[in-house]
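Order of writing sets the chain letters: A, B, C, D, E, F, G, H, I and J. Residues in each chain are counted from 1.
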Amino acid sequence: MNRNDVTEMIVATKIRKGLKWGDVAKTVGLSKEWVTAGCLGQMTFDASQAATIGDIFELPQEAVALLQVVPYKGSLPTSVPTDPLIYRFYELINVYGTTFKELIHEEFGDGIMSAIDFKMDLQREPNPAGDRVSITMSGKFLPYKTY
Amino acid sequence: MNRNDVTEMIVATKIRKGLKWGDVAKTVGLSKEWVTAGCLGQMTFDASQAATIGDIFELPQEAVALLQVVPYKGSLPTSVPTDPLIYRFYELINVYGTTFKELIHEEFGDGIMSAIDFKMDLQREPNPAGDRVSITMSGKFLPYKTY
Amino acid sequence: MNRNDVTEMIVATKIRKGLKWGDVAKTVGLSKEWVTAGCLGQMTFDASQAATIGDIFELPQEAVALLQVVPYKGSLPTSVPTDPLIYRFYELINVYGTTFKELIHEEFGDGIMSAIDFKMDLQREPNPAGDRVSITMSGKFLPYKTY
Amino acid sequence: MNRNDVTEMIVATKIRKGLKWGDVAKTVGLSKEWVTAGCLGQMTFDASQAATIGDIFELPQEAVALLQVVPYKGSLPTSVPTDPLIYRFYELINVYGTTFKELIHEEFGDGIMSAIDFKMDLQREPNPAGDRVSITMSGKFLPYKTY
Amino acid sequence: MNRNDVTEMIVATKIRKGLKWGDVAKTVGLSKEWVTAGCLGQMTFDASQAATIGDIFELPQEAVALLQVVPYKGSLPTSVPTDPLIYRFYELINVYGTTFKELIHEEFGDGIMSAIDFKMDLQREPNPAGDRVSITMSGKFLPYKTY
Amino acid sequence: MNRNDVTEMIVATKIRKGLKWGDVAKTVGLSKEWVTAGCLGQMTFDASQAATIGDIFELPQEAVALLQVVPYKGSLPTSVPTDPLIYRFYELINVYGTTFKELIHEEFGDGIMSAIDFKMDLQREPNPAGDRVSITMSGKFLPYKTY
Amino acid sequence: MNRNDVTEMIVATKIRKGLKWGDVAKTVGLSKEWVTAGCLGQMTFDASQAATIGDIFELPQEAVALLQVVPYKGSLPTSVPTDPLIYRFYELINVYGTTFKELIHEEFGDGIMSAIDFKMDLQREPNPAGDRVSITMSGKFLPYKTY
Amino acid sequence: MNRNDVTEMIVATKIRKGLKWGDVAKTVGLSKEWVTAGCLGQMTFDASQAATIGDIFELPQEAVALLQVVPYKGSLPTSVPTDPLIYRFYELINVYGTTFKELIHEEFGDGIMSAIDFKMDLQREPNPAGDRVSITMSGKFLPYKTY
Amino acid sequence: MNRNDVTEMIVATKIRKGLKWGDVAKTVGLSKEWVTAGCLGQMTFDASQAATIGDIFELPQEAVALLQVVPYKGSLPTSVPTDPLIYRFYELINVYGTTFKELIHEEFGDGIMSAIDFKMDLQREPNPAGDRVSITMSGKFLPYKTY
Amino acid sequence: MNRNDVTEMIVATKIRKGLKWGDVAKTVGLSKEWVTAGCLGQMTFDASQAATIGDIFELPQEAVALLQVVPYKGSLPTSVPTDPLIYRFYELINVYGTTFKELIHEEFGDGIMSAIDFKMDLQREPNPAGDRVSITMSGKFLPYKTY
């Protein structure tokens, strides 16, 4: 059994029991973004979180142990994603990537936005012309230093 | 002369004159995100916007005309970006891509977040533990329909 | 069991029972294009549609549940398709892609033809010099907006 | 001078003189789809057509000669297109490719839709919910034969 | 069971029973080239041909049905083949590809040699300096037409 | 100046003077297949052949010298060709590659068809249903030997 | 069972019984280089050689038959090898490839060193500064001929 | 001017003056293999060697200086070589790579054959059945050590 | 069973028994860096080390034998790693690779740092601004020699 | 002029004047590792540092300005490096990447070693068996946090 098997168990049980990620996250007591990423094999749970996840998804003990091991990250099967929803994010980087770079450097100087010390929030934004997906990302700026 | 040459002219003049994208955007009267993307060859300006950009960056007439032609988009030289700042966004898609997919489908059903009917805002978020980059994206949800 | 397994079950039963996609679509009450795409794992059925598909293809309950979950889309095993029929469509994009771009921008300005708010119809076009395949695609135009 | 240089000359003159592909096509007396593809370096003009194109775009004699030579086709710089408009067509093949295959084989048997004995028509389709792009493709069916 | 499994069954039985493709083709009553391609999963048999193949290779009923379904074509595992015999054909295209293009266009104008309305014949050519492989290919010329 | 520049000079002069490869080959006294491949930068001419080519295409002395140097071979810009005519040959390898392998090994045992001790002939084959391209290839069989 | 399974059986038995390739080759009566390549699935054994290999590695009858079938060659999982020992050979081609080309053409004219009519010998070369690996390759020169 | 420009100068002068690598190497006083690799931009000359090379090929002072700078190595334009002569070496690694690995490890244990502390010798081997290319490589064995 | 299966057994047992690599290494009596690499399938153990590893991880006899066979090295599934921790090392090579090259050549001349005669040490470096990872690598310099 | 042009100017002047990176770094007053990376186009200089670099390498004013603009990072032309010195570092990641991952997670938990808040030191390590390259890297550990 590896972490990928655990992800498949979680997804299968979620469908069978008709669970929602938002409710799972509330039971765990953390954001739906982080908990979903963890259930999909991208984050590491501590013992108590793993036990909760194990209860919700009726996982065997070996799977609960695996949830506490840092996984090999990367959730996509190809370097350019084929799924239309995920591709749109890749397209945004292709179109706006150099814009991100210019504006962050203009404001902060040389460095990056951390993808580790990072959190995000995804919400429905009601709109008469059609509801919108609103995503707010917040990552610590990390400057390159001279030495 | 092609659009890429125009981008290089703009960038060279920006460095020489010490301009800031934020100020350019104010003169044009639009957001700094969209104006920067346009100056970097990803968006199409109308005649009046192009004239303003032409004045700011001292562009020849042919370049001003090119700013009004829809460009072949895609601002990165490789399918996996090598620049650390831009890579972090690619990494976020790799790690969180399936999470985006699950949460948007849970909230909206089958469909995508538009990367066309889309806007974003990038801000400095002061923080005693180190300032943060805050990015808010808003894209219309487009549902797949049966037919 | 995952969505790919469901697709294989559907295809195997279709061959064994000698079914036709056109007849399946009529039973479901939707177009043959959308129903076939759904049966091949690219679209999401609602509960009633999934039940009908389940009856036709004698699927187990778990498979019927999976038909109602948004799939990870992308039906081809390689980025350049090897199958001659499918390659011809890829070739059309390679040869006519910039023509699509020029003509759509000339008519509509900067933006795209939606691949989500999209439908298509595929018909046999009788012709004495050899019958033809006729495909009509219709996608909403989505303009890039300034902001 | 090569065919690519001719394409760049044509595009530059088109922008400078504010020409439209539709009007160019009318002068040539053929469809806007075929004429645009030819001007973008994908089709071969005969002597009279090339002379007309040469007049419209003020091309030198060497360029007019090149328009009559069969070009090395393929108009895109990468195997997966980065431009959002062109990518949507690639996405359609990724999502609907196996559907095209199933439905054409169901109707016609083993074979392909020709991308050579092929024509297409691209129109604006007015729609109160937003105008649509309508594309009709027609290609001869070519059967695999036993031998 | 899928078409690839059928190919593996055929190849295993061929080795076990010491069959030859040439003899299989004679029993089927078609060329050895087409029959071998079909047995290797690239062509579609009709009911009577499939029954014959099923008898020769002792295939189960499900396999015989699969032989009559149009397969997803493409028989090589990598885009540049690693097997030395097959690579030599790829090398010929690499070295002579532009020559094919020039000579066919010189003789026929713009268009292609069909790979669908196509047949070939492979023979041993006795030669005192070492026997030679002789391959004769014949494909219909398909012209690009203006429209 | 490199061999690629020489190829471009030859092609430009051929267009300007309206030459035909078949006539060039007759003047050189060799097959049109080999001479065209040489003119396109894939073969090495001897001093006398190079002088003839130099006369026909009005090449400078340095170019005539380069025609006598063994070139770095490979005439295609991408590993999967984008040009429809050349792609059809690649498709034939994809579909028939394993058939070539089976039939050649059945007739000759383990080994390859040489792509070096190789010649070919390309002819128009008149046919009331549409003329055909006929290509005859002949390559020495080279057996793997044990040692 | 396929040839790859046979290779795995051979390797597993070799480890279990502590065999050496050099001794296997002596029993077969051929060079250790060719026999090892054959055991690793790259060469074709005749009936008597296959029987010997079958005895040594305790292979079932089906495996012995497979050893006599020409395999699909290519023993590496990626186009740039990751294993350090094998990579060093790839590096030699990267660094010395054009040198091989220049020196062979200087000595022999246009053509190649055969990789089919080829043999090699790998030996330990004692050296006080550290023993060396000595590899001698011998391949027939095959000239390109005009025709 | 960069090292690649120097290589092009050397090659152009070699063709113009009809020089041979073997003679150049004799003048330099080293093997033809190493000197050719150096002239092709893969090795670093010392001051005296560079002066000699500069005299032979009539290089400007800046080029002579560049010959003494360690180059960025790698002489091939693609990861799988397209040139038939060079490809044969790549094919040998593909077919014999795992054999090299097995035999070297059998003789020496875990480690590699150095591609740095390495030399080789390339000779014509007369043979009544056709002369052969003989290449002898010698590289120090470097063992992995535990620590 | 192959080496990869052994790695999976080791990792599963490590999780189940809550072992630490540092403690495993102490029992084996070597550095934690080398022992971990070996347990992950990259190094070769001798008989006594393998027996110790077998005891710790409760491996079957066949697995203990496999630990003593030189593995096919390369521990990552893609050529550009997707895991954020491992990617950072790849990024360092991308950003600092040419710097490594310049500084090592400035100090040592043409040659490389051995990745075989190599050892490393990974430590926690306490720091009030956040603890740091400290890695010390030491590899023998291997000079290119003339011959 | 772009940053790459500035790098080429710096490298050309360094060769012409026989400068050493170590001395350049001393004049700038920072480490040789960071200064070299900056001169090779990977880091951003402040005004005073850029002026010093400009003096040393006799750069024009426009180049000095470019040194103060954050560059698009990534110094290698291919995703797998071809240069033997740089490849050895890539090989270390391939062989030891999962070891880095295991040991850092064992010591620190889930997170990464920063490649931004990072410094390194490269030294010659005298050794009677051959001098060694010693590289010490130090990067801040950045933990993934739950939210």
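Simple rule for what comes next: contacts are C-beta pairs under 8 Å (C-beta built on N, C-alpha and C of every residue); 3 or more make two chains touch, one makes a residue touch a chain.
Predicted model only: the values in this text are computed from it and were never measured.
**Q** Moving only between chains that touch, what is the shortest number of steps from chain G to chain J?
**A** 1
**Q** Using only Cα atoms to place each chain's centre, name the chain farthest from chain H.
**A** C
**Q** Where does the F-H interface recur among B-D, F-G or G-J, taking recurrence as more than half of the contact pairs being identical by residue number?
**A** B-D
**Q** Distance from the CA centroid of chain E to that of chain F, rounded to the nearest Å?
**A** 23
**Q** Go ahead and note the Å separation of the Cα centroids belonging to chain E and chain G.
**A** 29
**Q** Return the distance between the CA-based centres of chain B and chain C, expressed in whole Å.
**A** Roughly 31 Å, centre to centre.
**Q** Can you give the whole-Å distance between the Cα centres of chain C and chain F?
**A** Here the centre of chain F sits 41 Å away from the centre of chain C.
**Q** Specify, in ascending order, the residues of chain B that touch 2 or more different other chains.
**A** 33, 72-74, 76, 79-80, 82-84, 91, 94-95, 98, 101, 105, 111-112, 114-116, 142
**Q** By the document's touch rule, what are all the touching chain pairs in this structure?
**A** Pairs satisfying the touch definition: A-B, A-C, A-D, A-I, A-J, B-C, B-D, B-I, B-J, C-D, C-E, C-F, D-E, D-F, E-F, E-G, E-H, F-G, F-H, G-H, G-I, G-J, H-I, H-J, I-J.
**Q** Which residues of chain G touch chain F once you look at their complex with the stated criterion?
**A** Interface residues on chain G, with respect to chain F: 30-31, 33-34, 43-44, 49, 70, 72, 98, 101, 105, 109-112, 114, 116-117, 119, 142-147.
**Q** With touch defined as at the start, can you tell me which chain B residues reach chain J in the complex?
**A** Residue list for chain B touching chain J: 8, 12, 15-16, 78, 80, 82-84.
**Q** Could you list, by residue number, the parts of chain A that touch chain I in their complex?
**A** 1-2, 62, 65-66, 69, 72-74, 76, 79, 115-116
**Q** Quick one: in the complex, what on chain E touches chain F?
**A** Those residues of chain E that touch chain F are 20-22, 32-33, 36-37, 40, 42, 73-76, 79-81, 83-86, 88-108, 111-115, 118, 120, 122, 124-125, 127, 129-142.
**Q** So in the complex, the part of chain I that touches chain B is made up of which residues?
**A** Those in contact with chain B are residues 80, 82, 84, 87, 91, 94-95.
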